[in-house]
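Next come the structures, one after another.
Below are two complexes that have subunit A in common, paired first with subunit B and then with subunit C.
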Partner chain A sequence: MPLIEVTDLHHSFPDGWDALDGVNFAVEAGEYVALIGPNGSGKTTLAKHLNGLLKPTSGRVLVAGMDTAHGSVAALARRVGYVFQNPDHQIFCTTVEEEISFAPRAQGLPPEIVGNRAQEEMRAFGLVEVAARPPAILSPGLRRKVAIASVLAAQPDLLVLDEPSVGLDAHEQEDVLARVSDYRHDGRSVVLITHDMALVTRWATRCLLLSEGRILADGTPGAVLGDSSALARAGMRPPALARLAQALAPLGMPTDAVQVEAFGRAYLELVEGRS
Partner chain B sequence: MPGSGPVEALRGVTFAMQRGELLAVMGPSGAGKTTLCLALCALVPHSTGGTFGGNVVVQSRNTRSTLPAEMSAHVGVVFQDPESQLFTTIVEDEVAFALESQGLPREEIGRRVDWALERVRMTEHRHRNPAYLSGGQKQRVAIAAAIAPRPELLVLDEPTASLDPVGAQEVIQVLADLRRDLDSSVLVVTHDAELAGDFADRLLLLKEGHIGYDGPPAQAFQDPALLAEYAIRPPALAELSAWLTEHGRPARFHTFEQASEALSRPLTTAD
Partner chain C sequence: MNFGDLYLPGDSWLHRADPRLKMGLALAAATLLLSYNNLFIMALSLTAVVAVLRGAGVPWARLRAIARLMVPVVIVIPLLWPIFYQSGPTILVVWKLRLTAWALAQGVTAALRIVALGYVSIAVLLTTDIRALLRGLVQVGLPFEAALTVTIALSYIPRIQRTYEQVTEAQMARGFDVNAGNLVVRARARVPILVASLVSTFRSADTMARALECRGFGRTDVARTSYFRIHWRPSDTAVAVGAGLFFLIALSARVVLGFGSHPLLLL
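Coming up: the complex of A and B.
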C-alpha cells in the first residue's frame, strides 16, 4: 500500500479560486519527493491536504490508509508531521525544550522517552545551548530549526516541509536538510516544497511539477528539471545547469545532468569519448 | 548567542551608495543584514530602541532626526516576512495605501497601482484577499506596495526567498527598471549568489556586524574560501567550474555565456 494516495483531488477557496484541479499521484514509503511549481500553483494547498488541514472539495486523499477527510486530526498528526512555511505559525511554547517535547508528550509517551527524543533532536539541530530560551527571541534560522526539530520529535511516517530553507544561510540549510535526509533513511518519507532547484537535485529522489493546480511532470529530479518543455509550460525557469545541458545537447550532452557532479561526469565522458 | 543580553548587531559599518546603484548584501545569519535594512528606513533606532552610534543619511535626510513615517516617502522597504506587512483585505488597497497617505490624486494612484501590480504579475489577483494568496504571491504584493510610491531608495530583505525562479527573475527586472526609469538605488539582502551575480553592480559581505568585502560580485563568487566564510553557496556554474578544474579540466567561468562557450569548444573543434 502506498503511503500517500491522492485521487482526482480538487480544492476551491472561499473566494472562488480553484487552487487544485484534479491531482493524482502516489508516494511509496521511503521516497523523498520535491514539490515544485510557480507561485500560486497549489503546492501549499496540496501539502495541507496531506495532514487534513484542508479537506478536498472533491476527490480523495489517503495517508497510511486513512482518508484525511474523515480521519481524526490527532490520528493523522501521529503519521504526518507538517513544518509550516512560516515557523512562527507553529511555535508557541515558552522554551525551546518545551516546544520540542510538546508533540511526543501529547502522544502520551512516557516522560523518559519524551526527554530522550527532545535531547536527540536538540543535539541533531545544535539547539542544546538554547534549550532554556524562549523560541520567540531566537534568530529566524534557529526558530526554523526549532520548528523542524519539534515535528521530528514526534517521529511521523511522513514529514512535509514547506520552504524550509527560506531565510537560512548555506551552512544552516546544510545542517537542516542533512538531518532531514538522515530521518528519511529510517524508512520514512519526505515531501519538500521548495523553489530552490539546487536543493531538489541535491536531496530529492523524485520531483513533482505542479502548475495551475495540476501535475505537469513526475519523475527523477534530473528528468523533470531537464524537461524544458514541461518547465516552459509551467512558466518555470530551468536551473543554470539544466539550461547549460540544454545548450550543449546538440553536441551530445544528456539533458538530465542537472547537478554539479552528474553534469561534470557526463561532460568528462563526452569529451573523453571524442579523443 | 541570541537572547543572552544586548547584542551588537552592527559594529562600525561605513559605506556610501550612489543614485542608481544596485547593491547586494550577503552574509551568514546573524550578520546584521536585517538591522542594516531597518537602519536605512529609520526604524532603527526609532522603533527598535537600542544603542545607536554613527549616522545614516539618505538623500541628505539623517535618520537621527527623520522619523520612519517621513522616511517612508523616500525609502521603500520589503521585509523578509511579507505577512508582517500586509494588513488590508484587498490586494489593490494594499498597494494603494502608501500612495493615499501621500495624498496623491485618485487618477495618479490608479495609474501607479496598475503599473505596480502589472510589474509583479498580480493584476489578475487585484480584487482577491491577500489572506488567500500563496506565500510567493503575498511577497509580490508587498513588492508592488513598496515600488508604487517610486522611492529613491528601495530596500529589500530577501525579496525572492519565496518566489518561484521566474518570479525571482521578474523581481530583478523590476529593480533594473526602477533604476532605468527613476534612477532609484536598490539594496537587496539575499542568500542567493546566482541572483546577486545576475543583478548587482556591487556586493557587500557582512559578518558579525562588519563589512568584510565591498566589490564586484564576480570576484567574490570565484573565491570559494571567501564564500564558505560568509556561509554563501557558490553559484552552480562557479561550482561546476571548480569541479572540472579539480577533475583535470581547468575551467574558469561563472556566467552562462562563458560556460557555454568554454564547454562547447572541446566538443566542436577537430582533434
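Coming up: the complex of A and C.
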C-alpha cells in the first residue's frame, strides 16, 4: 500500500479560485518527491492536503490508509511532519532543546527517548552549542535548522518541506538536505516543495511538475526537467544543464542528464564514443 | 474568517469619493447612531449602512465576517441590559430579574448600533486605497509621520491576522489540537500560537522600521513632496451638502424634538 494516495483531488477556495483541478499521484515509502511549479500552481495547497490542513473539495487523500477528510490534523501530525516556509511560525519554546523535544514529548514518549531524539537531531543539525539558547533570537539559518530538527524529532512517516533552503548558505543546505535524505533511507518519504532546480536534481528521486492545479509531468528529475515542452506549458525554463543537454542532443547527448555527475558521465561517454 | 486586505478595489461612488468626505460621512453617521435610541430607527440605519456597503460592491461574505467579530458583544449586550434597565411593561420575571419590553428593545438597539458602528468605521477602510487614506489624513491636518503610522497600523491588521492563521496551521501541523478539551485547555493550546505570532509580528515590524529608515523616513532637512494626490470633485461637494443637511435635520430632530429617544415609540 502506498504511503500517500491522492485520487482526483480538487480544491476550491471560498473566493472561487480552483487551486487544484484533478490531481492524481501516489508516494511509496522511501521516495523523495520534489513538487515544482510556478507561484500559484497549487504546490502548497496540495501539500496542505497531505496533513489535513486543507480538506478536499472533491476527491480523496489517503495517508497510510487514513482518509484525511475525516482525520484531525493533530492525528495526522503523527504520520506527516510539515516544515513551513517561515520557521518563525513554528518556533515558540524558550530553548532550542525544548523546541526540538516538544513534538516527541507531545506524543507521550518516555523522557529518555525524548532526550535521545533531541540530542540526535541537535547533533545532526549542528545545534548542540546553541541548545540552551532561545531559538527566536538565532540567525535565520539556525532558526530554519531548529524548525526542521523539531519536526524530524517526531519521526513522521512523511516529511513535507516547503522551501527549506531559504536563508541557508550552500554548506548549510548540503548538511540539512543530507540529513533529510538519510531520514528517507529509514523507509520514510519526503516531499520537497522548491523553486531551486539544483536541489531537485541533487536530492529528489522523483519530480512532479504542477501548473494551474494540474500535474503536467511526473517522473525522474531528469525526465521532468528535460521535458522542455511541459516546462514551457508551466511557464518555466529548463535549468542550465538541461538546456545544455538539449543543445547537445543532436550529437547523442541524453536530454535527461540534468544532474552534474550524470551530465559529466554522459558527456565523457559521448566524447569517448566519437573519438 | 479571512479578511485578506481590508481595502476592496472597486469603482463605486464610495470608492471614487474623496477620503476626507468619507471620513466626514463616517463621523456624522457615528454621531447619529450614538444619539438615537429607537429600535426601529436603528434597524433602518443598519439596513441603510449595509445597503451603502453592498452598493459599493462589498460582498456578503465580507460583511458576515465583520459581523462575526462582533458576535460576542452583540450577544452579551441584550443579555445584560435588563439588569440595568427596568422601565416598561414586564415580559418575564426570572428570580429577581425583570425583563421589560423596553429593556429588551434597548438591548437589541444597542447591539444593532454596535454592528452599524462597526460597518461605518470599516467602510472607509474597505473603500479607500491606503495611499488615498494617507493623503486624506494629511489633508485634514494630521502630520505626515502620524498619518503614516496610522495607515501602517491599519495595514498591519490583516497582516497580523494572516500571521496568526499561518502560525495556527504550523502549530496544528506539529500535533496541536487547538479545538480539543475544555476552555482552559483550549486557551493554553493558544499560548504557543500567540508567542510565535508575536515574535513573527515584532520581527516584521522591526524590518519595516529599518526599511523606512533606509528610505529616509523622518528626515527633517528636506521638504516632503507627494507623488500621489487626491482631488475633491463637484460630486463630493454635492454629497457633502446633502449629507450635511440630513445630519443637521436628523440631529435637531433628536435633540430639539426628542425624536427617536424612546426604545420603542418614535415620539
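To be clear about the criterion, the second predicted complex is superposed on the first by the 275 of 275 C-alpha atoms of A that agree within 3 Å, B and C clash if a C-alpha of one lies under 4 Å from a C-alpha of the other, contacts with A are read in each partner's own complex, and residues count from 1 in each chain.
Note that a residue touches a chain if its C-beta (ideal position, glycine included) is under 8 Å from a C-beta of that chain, and two chains touch if they have at least 3 such contacts.
Fair warning: this is a prediction, and the values are worked out from it, not measured in the lab.
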Side-by-side fit of subunit B and subunit C on subunit A, or clash: clash
First, second, both or neither for A:N86, with subunit B first and subunit C second: both
Which superposed partner A:P14 touches (first subunit B, second subunit C, both, neither): both
Partner chain(s) touched by A:T44 [first = subunit B, second = subunit C, both, neither]: first
Touching partner for A:L244 - first (subunit B), second (subunit C), both, neither: first
Partner chain(s) touched by A:S228 [first = subunit B, second = subunit C, both, neither]: neither
Partner with the higher number of touched subunit A residues, subunit C or subunit B: B
Touched partner set for A:V166, first subunit B, second subunit C, both or neither: first
Listed stretches 21-29, 39-47, 183-191 or 219-227 of subunit B, narrowed to the one that overlaps subunit C: 39-47
Residues of subunit A contacting subunit B in one complex and subunit C in the other: 14, 86, 88
Complex contact set, residues of subunit C against subunit A: 2, 61, 163, 166-167, 169-177, 180, 191-193, 195-196, 199-200, 203
Partner subunit C, residues of subunit A touching it in the complex: 14, 48, 51, 53, 72-74, 77-78, 80-82, 84, 86, 88-92, 102-103, 106-107, 136, 150-151, 154
Touching residues on subunit B, where the partner in the complex is subunit A: 1-3, 27-30, 80-81, 83, 125, 128-129, 132-137, 139-140, 158, 161-169, 191, 194, 227, 231-233, 235-237, 239-240, 243-244, 247-249, 256, 259-260, 263-264, 266-268, 271
In the complex, subunit A residues that touch subunit B: 13-15, 17, 37-41, 43-44, 85-86, 88, 129-130, 133-134, 137-142, 162-163, 166-173, 195, 197-198, 235-237, 239-241, 243-244, 247-248, 251-252, 260-261, 263-264, 267-268, 270-271, 274-275
